[in-house]
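Take a look at the structures below.
What follows is subunit A paired twice: with subunit B in the first complex and subunit C in the second.
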Partner chain A sequence: MLFSSLTFLFFFLPMTIIVYYTETRRIIRNMFLLFASVLFYAWGDIRYLPILFSTVFISYIGAIFIERSNHKQSTAAVFILLDLSMLFYFKYAGFFLENIGLLFHREWSLKLVLPLGISFYTFQALSYLIDVCRGGVKAQHNFFNLSLYICFFPQLIAGPIVKYHDIADQIDDRKETTDAFYYGFRRFIIGLAKKVLIANASGEIADKIFALPIAEFDAPIAWLGAMAYTFQIYYDFSGYSDMAIGLGALFGFRIPENFNYPYISKSISEFWRRWHISLGTWFKEYLFYPVSVSLMNSRAYRLIKKHFGKKTAGVFLSIVALTIVWGATGLWHGAAWTFIVWGLYNGFFILFELLTGWGKTKKSKLLSAIQHLYAVFVFVISFVIFRSESCNHALHYIQNMFGLIKEHTVYLKLPYYLNHYNILIFTLAFLFSFPIFKDILNVKNKYYQTIINIFIMIAFSLSVFELTANTFNPFIYFRF
Partner chain B sequence: MDRKEILKKITEIIRDVFDDDKIDISEETVAADVEGWDSLTHITLIGTIEDEFNIKFAMKDVVNMKNVGEMIDLIIKQTD
Partner chain C sequence: MQKIFIGLFLLLLIFPLCFFNKEEISKRENRTLARFPSLIEEGGFNHKFGKEFEEWFADHFFKREQIIALHARIRHKINGRIENDKAFVGDNGWIFEKKGIIDVAPLSQQKGEIEYTAYILKRFDDKFKDKGIPVYLVLLPDRNKVYKEYWERYYTPKPTLDYDDEIKKALSDHDNIKIVSVENDFIRSPDKDLYFYKDDVHMTFEEGRFKIQEKVYNELLKSELKELTVFPERKENVYRINRSTFLSALLGKEGYVDKDVTYVDYQFPNKERYKESEQKSFTRQTNDEWGHITEVVYRKGFVTHPAPINKSFFSLGPCYAEDIFNLFKAVFKESAYIRINLGDNFGQDAKNHQINEIRKLFTLEPNSAVIIVTQDYFEYIEQALEE
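And now, the complex of A and B:
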């Protein structure tokens, strides 16, 4: 079920809230939320329920085994591999088979439909197993509580990826307050409006341009397509995260933030501290640190340190660790070369910034503007790679952006894509990328708050109107 | 070594790792207070501190260390 669907907005959500608040006992409330979450998941496709259940079951049993084991790490490895094997089978087996086939000039294929949200909930399950193994938290002996952690419908299918140690205490002990409810309600509507009014409109333009044969559009249109997609992906995914965080608050949960105005970044490293934060920190805590620490203890590292000094050893460590982490980050997004290239492309710029000291705070306004332009340029191009059907398509598209493709027959010129409505949407998309609106929303003045709430209700009405009138309503991150 | 001495030594290490002699460190200092203290420099710092004090941090501590004070606690726990 989509958050931005009339069924969710007018049936599922209100009914869930009403029934939830007729009960006061924590344990019953939690069981009911779990029931609602399973219903939410099964609504779309009931066939994938067993896979979700298997992940929950493996993690539940696994953590208890890890806790009792004398060889915690090897026990954890077994259950981590079990969880990962399902993700691997459904998401990557086809891709690997196809590419291995290519090596032997064979056409092998395996077409599986990706279970909804598998990349997200598998990562939550892994977070739990690793946290228990590291000893930061206790294994959850209540099966329903653990199921709720993995299946809680606000974050089940597209995140934020909540780490177990961030939310463990809230499952049993949280406060549902009117303030949190009010906050969650507003946050949800803002997310809905971002998604329905801005992301969908930008997405329609991006889809049109990315579907064109390369020879049928020129540089200005290519840039427009790239910009439209840059806006779509941000408003789509951050809107979804707003809705998830808002929904969590309705039931007293504090779900960690996922976005922090990424488009104001001055470097790609900063961008990744502001974009899909829950995934970035997941990879940092569960992949980057372990990989780096084992690299530091490796013979290669010690040898380089001995012969070439600490700095060179540090560079070696950064290159290897960043390649592994960003290759994996790319692959997490999808089983395709475009995603791997996209991940490594990000890693490359982060390494570049590290080696040159780029992006550090500078007093000069001019330099800061240049840094900002650099970052925008790099991430807009990165999204072209992300959006393209193949690496080849991405390459041609980027060439087209820089006027490197000469033979054109442009049937539809720029003004065709830029009608008044689209210009309005782009202007809003640009303005809302800046944190100033967060401060406006939080201004402490009853009179202003009333006016803001009127605007929020207008945004809600417009979103509902748009949902009834328009069928274009995809969610980018549902594919992962 | 007492806390003061450890803090002094950590300050020296941090100044060296970040290549900045003006950084002031207290027990309350968190990563966000120091320009450029990101995951990559964090690892370098952890490695240098481990070598200097001849200790090993657990992975849980590498990830969850909240401030310099906590780092000192962990060092004391292992050197005593």
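And now, the complex of A and C:
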């Protein structure tokens, strides 16, 4: 079920709120939230449910074993591998099989339906196991509480990836206040409007252009398609995160932020501190640091340090660690070469910035503007790779953006895509990419609050209006 | 303030549920709305319950039809409409012919016309009978009957004669002519498979067309076609189709770039495969003024077409007729085909060309079939028979 579906808005959500608040006991409220989450997940296809609960069960048992074990790390490794094996089987086995087959000139394939949100909930489960292993938190002995942590419907299917130590206390001890409820509703509507009014409209243009054969569009249209997708993916995913955070607040949870105006970044490193923050911090905490530490203890590192100096060894460490982390980040998004290339592409620019110090200087406005343009350029191109059907398609699309494909038969000219409505949407998308309305929900003045609320209600009405009349309502991050 | 907002918002969430649309049919869209799904199916649990529930919920949502209409009006106000004097591009990217169904005149099929048609057909058939070549006459649905069933406001009183019955009667003594009628199937087919007509002349692409092709296919299989070889279902079978006619008729021939369409693996009535083949098809048509229409054709694969005015029967559209023909081509090794509905759009040269095409049929060898998908322009056949 999509948050931006009529069924969710006018059936699931009101029913869940009403039933939840008719009960006052925490345990019953949690049980009900778990029930609602299971219903939410099973709604799309009940057959995925056992896979979800296998992950929960493995994590539950695993954490208890880890806590009691004298060999915490090896015990944790076993259960982490078990969780990962399910993710690997459903998401990557087909991809690897196909590619191994190619090496032997064979056509091997394994077609499996990807369980909804498997990457997200597996990472939450892993976070829990690692936290317990590190001794940061205690194992959760209440199966239902752990289930609620992993299955909580606002963040179950598309994040934010909530780390266990961030939310463990809230499961048993949280306060549902009017303030939070009020904030939750408003945040939810803002997310809904971002998704429905901006992301969907941008997505329609992007889909049309990306579906065209390369020879049927020229550079301006290629740029328009890339920009449309850049807006779509941001408003789609950040809108969803806003909705998740808002929904969490309705039930007293504080779900961490996932986006912080990424399109104002002046470097790719900054971009990734502002984009999909929960995934970035997950990889930093659970992959980058451990990999860096183990590399520093490696023989290779010591040898390089001895023969070429500390600086060269540091470069070596950065290259290896970043390649691993960004390869994994790409792979996390999907089992396709485009995602791996996309991840490594990001890693390359982060390494470049790390080695050159790019993006850190704030001396002049001009340099700042150039840095911003650089970042926009790099991430727009990265989204073309992300969106393309194959690496070949991405390459041709990028060539087209720079006028490197000469023979065109353009049937549909730029004005066809840029009708008045789309121009309006692009303008809004551009404006809201900047933090001009940041903290708008926290303004204390009552007069302004009333105006803001009127705008929020209009945004809600327009979103419902659009949802009722328009069937185009995809969600990009569902497939991860 | 906070409580007012919360209360108002909760009210907004609950309000539509209290005024759920209980209608089963959408008259505006001429279709049956989704039914409440069953949780249990014959084979056990209905895995698609959630999806079907969402369809039902969306279909019955408070003031849905009005919202859709208002949405379209607002979009048109903002964007304007891409149009010329003959056609316009709809909000959904489809092209609609402007004169549309509003121009439909009351039906006036006369006994004399039917007799004339039957006479021509019999003479035509005489050219094939001796060679053992069957002639198939595909009777397309009477538009008026469809309107009566699904779109009452465009229904006009039934003509005195039922063309289906009358033509069958008139040809009853000529058993070489096989009649394939899809009208009843068309009208009675399950809701989801129906063609439906929106405010403009518009047929569903996915289900409706397939349904009628399937019917024709089944009718043909039921018929005595043992002498014809079924085309082997092989991927390398490639059928080349030229789909220029209707768009050219609609938009003018000048300035057109027109390429053939290649359908690969054209197999019916396997719906999934059909969709695949559709995805592989490419039609590229453009002119300077109407470049944007290309996209419609490219994406949707065909354009619909209204009935010829003042005729009791309507062609489902040249493109559609092409599909029927391709079905025949897909099924039978050799076939011939008459489609005469270019009419007045092309002038005398095109008419002469059409007549010559008909004459070529007279040289057909046994193990062929002749299929006629038209109820108009029998005078062309007559002229072809004259020499």
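FYI, the second predicted complex is superposed on the first by the 476 of 480 C-alpha atoms of A that agree within 3 Å, B and C clash if a C-alpha of one lies under 4 Å from a C-alpha of the other, contacts with A are read in each partner's own complex, and residues count from 1 in each chain.
As a convention for this text, contacts are C-beta pairs under 8 Å (C-beta built on N, C-alpha and C of every residue); 3 or more make two chains touch, one makes a residue touch a chain.
Keep in mind the model is a prediction, meaning the values are calculated, not measured.
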Overlay on subunit A: subunit C relative to subunit B, clash or fit: fit
Which of subunit B and subunit C A:298 touches, first, second, both or neither: neither
Inter-centroid angle subunit B-subunit A-subunit C after superposition on A [Cα, multiple of 10°]: 170
Touched partner set for A:260, first subunit B, second subunit C, both or neither: neither
First, second, both or neither for A:368, with subunit B first and subunit C second: neither
Superposition-derived comparison: subunit B or subunit C, residues of subunit A touched: C
Which superposed partner A:5 touches (first subunit B, second subunit C, both, neither): second
Partner chain(s) touched by A:46 [first = subunit B, second = subunit C, both, neither]: second
Touching partner for A:399 - first (subunit B), second (subunit C), both, neither: neither
Smallest separation in angstrom, by C-alpha atoms, between subunit B and subunit C in the superposition: 35
Overlap of subunit C and subunit B interfaces on subunit A (superposed complexes): none
Residues on subunit A engaged by subunit C in the complex (per definition of touch): 1, 5-7, 9-11, 13-14, 17, 42-47, 178-179, 181-182, 185-186, 189, 208, 409, 411-413, 416, 419-421, 424, 446, 449-450, 453, 457, 460, 465-466, 468-470
Residues on subunit B engaged by subunit A in the complex (per definition of touch): 35-36, 38-40, 43-44, 46-48, 58-60, 62-64
Residues of subunit A defined as touching subunit B within the complex: 134-136, 165, 269, 273, 284-285, 288-290, 292-293, 296, 310, 314, 317-318, 321, 354, 360-361
Residues on subunit C engaged by subunit A in the complex (per definition of touch): 1-3, 5-6, 8-10, 12-14, 16-17, 45, 47, 50-51, 53-54, 57-58, 61, 64, 67-68, 70-72, 75, 78-80, 257, 284, 286, 291-292, 294-295, 298
